[in-house]
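What follows are several structures.
Look for chain A in each of the two complexes below; its partner is chain B in the first and chain C in the second.
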Partner chain A sequence: MIERRPWLNVLSHFVLCAGVLVTALPIWITFVASTHPADSLMSGRAPLWPGAHLFENYATVLDSGLRAAGSVPVGMMMWNSLIMALMIAVGKIVISIIAAFGIVYFRFPLRRTCFWLIFVTLMLPVEVRILPTFGVVASLEMLNSYWGLSVPLIASATATFLFRQFFLTVPEELAEAARIDGAGPLKFLFDILLPLSRTNIAALFVILFIFGWNQYLWPLLVTTDESFYTIVVGIQRMLAVDDAEPAWHLIMATTMLAMLPPVLVVICMQRLFIKGLIEQEK
Partner chain B sequence: MAGLTFSGVRKTYPNGVRAVHGIDASVGDGELIVIVGPSGCGKSTLLRMVAGLEAISEGEIRIGERRVNELEPADRNIAMVFQNYALYPHMSVFDNMAYGLRNRRTPRNEIARRVAAAAKTLQLEDLLARRPGQLSGGQRQRVAMGRAIVREPDVFLFDEPLSNLDARLRVQMRLEIRRLQQSLGTTSLYVTHDQVEAMTLADRLIVMNGGVAEQIGRPLDVYRHPATAFVAGFIGSPAMNFLPATVAATGSGVIISGTGHTLTAAVTACEPQRPVLVGLRPEHLLPASEDSAALKVAVDLVEALGADTLAHGILPGDGAGPALTVRLEGSRRVDVGDTVPLTVSPDHVHLFDPGNGNRLV
Partner chain C sequence: MEKRVVFSGRWVPVLLLAPQVTITLVFFIWPASQALYQSVLLEDAFGLSRKFVWLDNFRILFADPLYLDSFGRTAFFSSVTAALSLGLALVLAVMADRVIKGTALYRTFLIWPYAVAPAVAGVLWFFMFNPSIGTLTYLLRFLGYQWNHYLNGTDAMALIILAASWKQVSYNFLFFLAGLQAIPRSLVEAAAIDGAGPFKRFRTIIFPLLSPTTFFLLVVNIVYAFFDTFGIVHAITSGGPAQATTILVYKVYSDGFIGLDLGGSAAQSVILMAVVIALTVFQFRYIERKVAY
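Entry: the complex of A and B
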C-alpha cells in the first residue's frame, strides 16, 4: 500500500513516536534507577539520567543478591526461570505438535470428541483450576521441583489448534506422496511436516517462552524452597521486606536483568521469522 | 515390469458414495492405458486403489502375479505423478527424487546414478540444487516425472499430470511422456478428462462413466465403433450430433424425427418403425449438391478456426428441429442464414438404442 500524502506521513510518525515514548520511558527510568546508589532514589525525585553505580549495582545483584534483604542471588533465579520457561515452551510445542498430528492424520474413534475436549480446555487456564492442580502436584510430590513448575502449564490447546490449522493447509497429496515413497507416519512427521512448520514453531517458541518466563502465580505457589525461586517471584520477594526500605536500585537492576532473556529470544528468533516470511514456500 | 489386472473392482466410500461399480480389465506389460471420462466418474478413485491410497472395497487388483489389495503403497512398486505434483517444498530437486530411494535404503552411489540418469533424460541437470518453489510449472512437472522414474517401478500412475500447464506446454509434455514411457517400456495408467490427450497417448482407452467402464479398446476403434452413445459423444471433438429417428418401413434407412430427412444406413438388424438415436460426427457430414443432399442444415452460428470452419445450425422441420454441428473446410465460406446441403456415408451413420444408449449393429 503506497499513499502519497505528506501530512499522513507526519501524523503516522507522530503517533508511532508517541507510542515508542510511552513504552520506552518506564524502561528507561528502570535502567536509570539501576545505575544510582540507594540513597539518591530515596530523595523522592526519580533521576532521569544514569548515575555512576552501574557496575557496582549489577555486580552486587549477580554476585550476592540481596542476601542482606533475605533473598537468593539473581543468577540462580534467572537460571530457574530459564529452565522453567524452556521446559514450558519446548514441552508445549512438542505436545501440541504430537496432538495435532494425531488429530489431523489419523482416523480413530472419537477423533472429533478428542479435538473438542482439547479445545474446551482453553476455558480452563491455570488460574481457574489452581486449587485442584496444586493438590495433584502436591500429592505427586512435585512441589519445589522444575517438573512441578512446568508440567502443569505444559498442555496447550492454543498451540494444538494452531498446528492443527497449519497441518490442514498442507496438501493431502504430500502425505500420499510420502506414503508412496515409503515414509511411515513418524518419518513423514520428521522429514516433511516439521521442516514445513519451522516458522510456525519459531513464532510459537517466542510467544511461549515469554509466557513461561513471565509466570508469576503458579511459581509463587509451588516454590517454598528459595533455591527454586524464579526471577519474577524473586522480584516480588525483594519488595516485601520487613521494617526496611526496599533496595530500589538493586530491584531495578534485577528487573533489567529479568527483561534480558525474553528480549534476546525475540531478537534471535526474529531472524527466523523474517527469513521464513520472505522465503514463503509454495 | 509387469501387467496389471482388475477383477470385479468396486469402491464404496465410507460415506456411502459408490464411486466404482465393478471394473474388469487387464493391462498388458508395457502398455499405456488412458482412463478417460467426465468429472466425478471415478477415474481418480480407480487409480488411487491401484496406488494403495484407497482401500479396495470389493474385487482384486493384481500387479503382475501379485495380489496387491493388502499391500502398503510403498510395497506395491508403483510410482505416482500427482496433478499438483506434490513435490516436497523444502527439499531440493535432487532430494525430492532421492527421498523414496533413501527410504528403501538404496546405496548412495546407486541413488546418485539413478537421479543423474533421470535428470539427464528430463533436462533437469542444472536444476538439481533448486527447490520446487524456484521452478516453473513445466520444470516442476518434470521433477515429478523424475521422482517417478528413479524408482524404476512396475507401474506408473498419472492423475491428470498435465492439467496445470498451459496449452502449448501440455502438448509438448504429452509427447515427452509418451516418448519416455515407450523408451522405458513401463506399464502405465494415465487419468485425464481431456479426450485429445486420451486419443494421442493411449495404447488403449478405458472410457468411464458413472463408475463403470463403458468401453475398453484402442483409441481408433473406440472412435470408429463407440459401444454406447455416451462414448460416442465423449470421444471426438467437436462432439457427435445425436438425432432422434425411426427405422424406415422399407428397411433401407432411418427417418429423422420431425424433419422428414431420410438417411441411408445399415439397419437390417432392426425391425421397421423402431425408434433409434442416430449419431453423426461433424467431420463426417460432407457438403453435397442440392439434389443429392440427405440433410439440409440452416446455419445459425459459424466458428471459423482457420483450418476448419464449424457451422452450427438446425435441421428445419415442423417446429424447431434438432441441432446439428458440421465441420467444413476452412476455405469454404458459410454465413449465418445459409442452408448447407449435406450427405453422409452409410458407414458413418451410428445407431444407438434411445433407451439404454447401446450401439445397434
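Entry: the complex of A and C
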C-alpha cells in the first residue's frame, strides 16, 4: 500500500470476491445436487439451494455405491485411494531420502551415472510411456494390486533433488562431529539428518499425498477388478453408463467425497502445502 | 557443490541407491526404450508377427491428417489454457498483494482447487454445462445460446479449456503472489514518489521484475495442459465429438489401448517424450538467465 486510492481498494476487493465466487461456484452446485433426490435432477435445471436428502444420498454411496453402474461402495474406493496415496507418498519420500543421502554423503564409482539416471525420470511422465509401462507391470503380474498401483509412480527425481539440495545446505561440521564421535552413516542419517529435514518431509508429504490421491490414467489402466478401483476413476465409471441419464445425485455425492480429503489437507496444512509446492518447483 | 566430509563404505551407498535405481530402470528406462523400439516396428494387435519398418510409423503419423489436426488442437488448447489461467491468476495475485486486510483469507479460498483431481474438475464443469439440466446451460439458453458439447466440437473444446484453467489458476496464483511479495517495496515506493501511478508502476517495474516467475509458470502450464489434462478429456468428452477434443496425450491412449495400433502409439509416445525433453531443457537453459531485466 503506497498511496491512498479508495476506489482501487474497492476494485481489488471486488475482483478478489468475484474470483472466490467463480472458484467456489462449481463446488456449490455440486454440493447442492448431492443433497437432492434423483427425480429433481432428471429434467429442467439443477436446483440452486440444498435439498433434504443429504444424509440419505451420502449414506447410499458410501455403503452400496451405484448398483446400476455395476460399481462398488464408495467407501471401498476411498479406502483404495487412501492406500494408494499413502503408499506413493511414503514410498517416494523413503526411497528419495536414502538415494539423496547416498549421493551426497558417499563417493563411489558410477555416482554421476546414478545421478543422471535418476535425473532423466524428471522428463518422462507416465502419460508418455503408458503402453510399455503397462506391459512391464503386466508381465510382473502386478495388475490389480496395490503394488501395481503405486510402485511405478514411486520413483521421482523431484523428491530426490529436493532432499539433495537440502542435504547440501546442512553444515559440514555436523557430519564431521558425528564422525569424530564415532557415529556410522546410518546413525548420522537417523539421529541428525532426519530430524533436521522434518519440515521438508512434512511439506513434501502434503504435495505427494495430493498427487497420489488424484492419479487418474494409471489406476484406470492397472485396475480392471472393481475391488481395486480408486475413487477418481470410479466417478468416471459411474458417468459412463450406457443408454441412461447418469444418477446425478449419487455421482455428485461421490464427487464431493473424492474432493474432500485432498482439499482438507490443503486447507488445514496450508503453510506446509505452500512451502512444499514452491520448494518442489525450484 | 560437493561435501568435503563423506562417509566411507563400499556397499552402503549401493544399498542406499538400489531401490530408486531399480525402480527407475524397471519402470522408466526400460519402458521408454521399449517405446523407442516399438516405434520402428509394425506389429499386429495380437503380437503374433512383427516387422522392422524403420521410420514408417512416423511417416504414417505425419501424413495422417487426424494426427496433424490433433497437434494443432493441442497447441490451441494448451496456449489458450495457459493464457487464461496465467492472466486470471496474475490479476488476482496483484489484487491480493494490494489489499491490506484479508490476503491470507483470500488465498485460502483461492488455492484449494489445486487439490481437485483434473478428472474431478472435469466432472464439476460437465455437470454445470450438462445440456439437459446444467445450471449454466440454462443461463446460456436464457441468453439465446444453445449449448451442447455432445454435438458441438467448439462447445466441447470450450468446456475442457474452462475446466483445465479453473484448476490451474490456484497454482499460478500462489506463485505469482510469492513473486510479488518478493519484490522490494522500496523500488515501488521510489516510483510512486516520482509520480508513477499504479498502472505505470505495474507496467514498468512490477511486471518486468515478475518475468522469471511468469516464464517458469508458462513452461509449467504448457506441460500441464499437454499431459495432466488427460483426466479431464477422458472423463467428460472422451476426445469427442468427432475428435474435436482429442489432444495428443489422449490420442496416445486411445490409439494404443482402444485402437491397439502398437507401433503408431509408440511413435506418438516418442514424439511426446521429445516434446517434454525439449521443454525441460528449454526451461533449464533459460530459467537461470533471469529473463528480461
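Observations, loosely collected:
Going forward, the second predicted complex is superposed on the first by the 250 of 282 C-alpha atoms of A that agree within 3 Å, B and C clash if a C-alpha of one lies under 4 Å from a C-alpha of the other, contacts with A are read in each partner's own complex, and residues count from 1 in each chain.
Keep this in mind: a contact is a pair of C-beta atoms (placed from the backbone, for glycine too) under 8 Å apart; a residue touches a chain by one contact, two chains touch by 3 or more.
What you are looking at is a predicted structure, and each value in this text was computed from that prediction instead of being measured.
Model built by superposing both complexes on chain A: chain B and chain C fit together without a clash. By the touch criterion defined above, A:122 lies against chain C but remains apart from chain B after alignment on the C-alpha atoms of chain A. Panel annotation: after superposition on the shared chain A, the angle at the CA centre of chain A between chain B and chain C (CA centres) reads 90 degrees, nearest 10. In the superposition on chain A, A:90 makes contact with neither chain B nor chain C. More residues of chain A are touched by C (comparison of chain B with chain C).
In the superposed model, A:187 lies in contact with chain B only, and not with chain C. Of the two partner chains placed around the shared chain by superposition, chain B is the only one that A:196 touches, whereas chain C remains out of contact. In the overlay built on the shared chain, the residue A:38 is in contact with neither chain B nor chain C. After overlaying the two complexes on the shared chain, residue contacts for A:176 are found with chain B and with chain C alike. Of the two partner chains, neither chain B nor chain C is touched by A:54.
Closest contact between chain B and chain C, by C-alpha atoms in the overlaid model: 7 Å.
The residues of chain A shared by its contacts with chain B and with chain C are 176, 179, 281.
In the complex of the two chains, the chain A residues touching chain B come out as 171, 173-174, 176-183, 187, 191-192, 195-196, 198, 279, 281-282. Those residues of chain C that touch chain A in the complex are listed here as 1, 3-7, 9-10, 12-14, 16-17, 19-21, 23-32, 34-35, 38, 88, 91-92, 95-96, 98-100, 102, 106-121, 123-128, 130, 132-135, 137-138, 166, 169-171, 174-175, 178, 188-189, 192, 198, 216, 220, 227-228, 230-231, 234-236, 249, 252-253, 256-257, 262, 265-266, 269, 272-273, 276-277, 280.
On chain A, the positions that touch chain C within their shared complex are 1-3, 5, 8-9, 11-13, 15-16, 19-20, 22-27, 29-30, 33, 41-46, 48, 95-96, 98-99, 101-108, 111, 114, 117-118, 120-125, 127-133, 135-137, 151-152, 154-155, 160, 168, 172, 175-176, 179, 184-186, 188, 210, 213-217, 220-221, 232-233, 235-236, 239, 245, 248, 251-252, 255, 258-259, 262-263, 265-267, 270, 273-274, 277-278, 281. Chain B contributes residues 51-53, 72-74, 78-80, 82-84, 86-90, 99-100, 103-104, 131-133, 147 to its touches with chain A in the complex.
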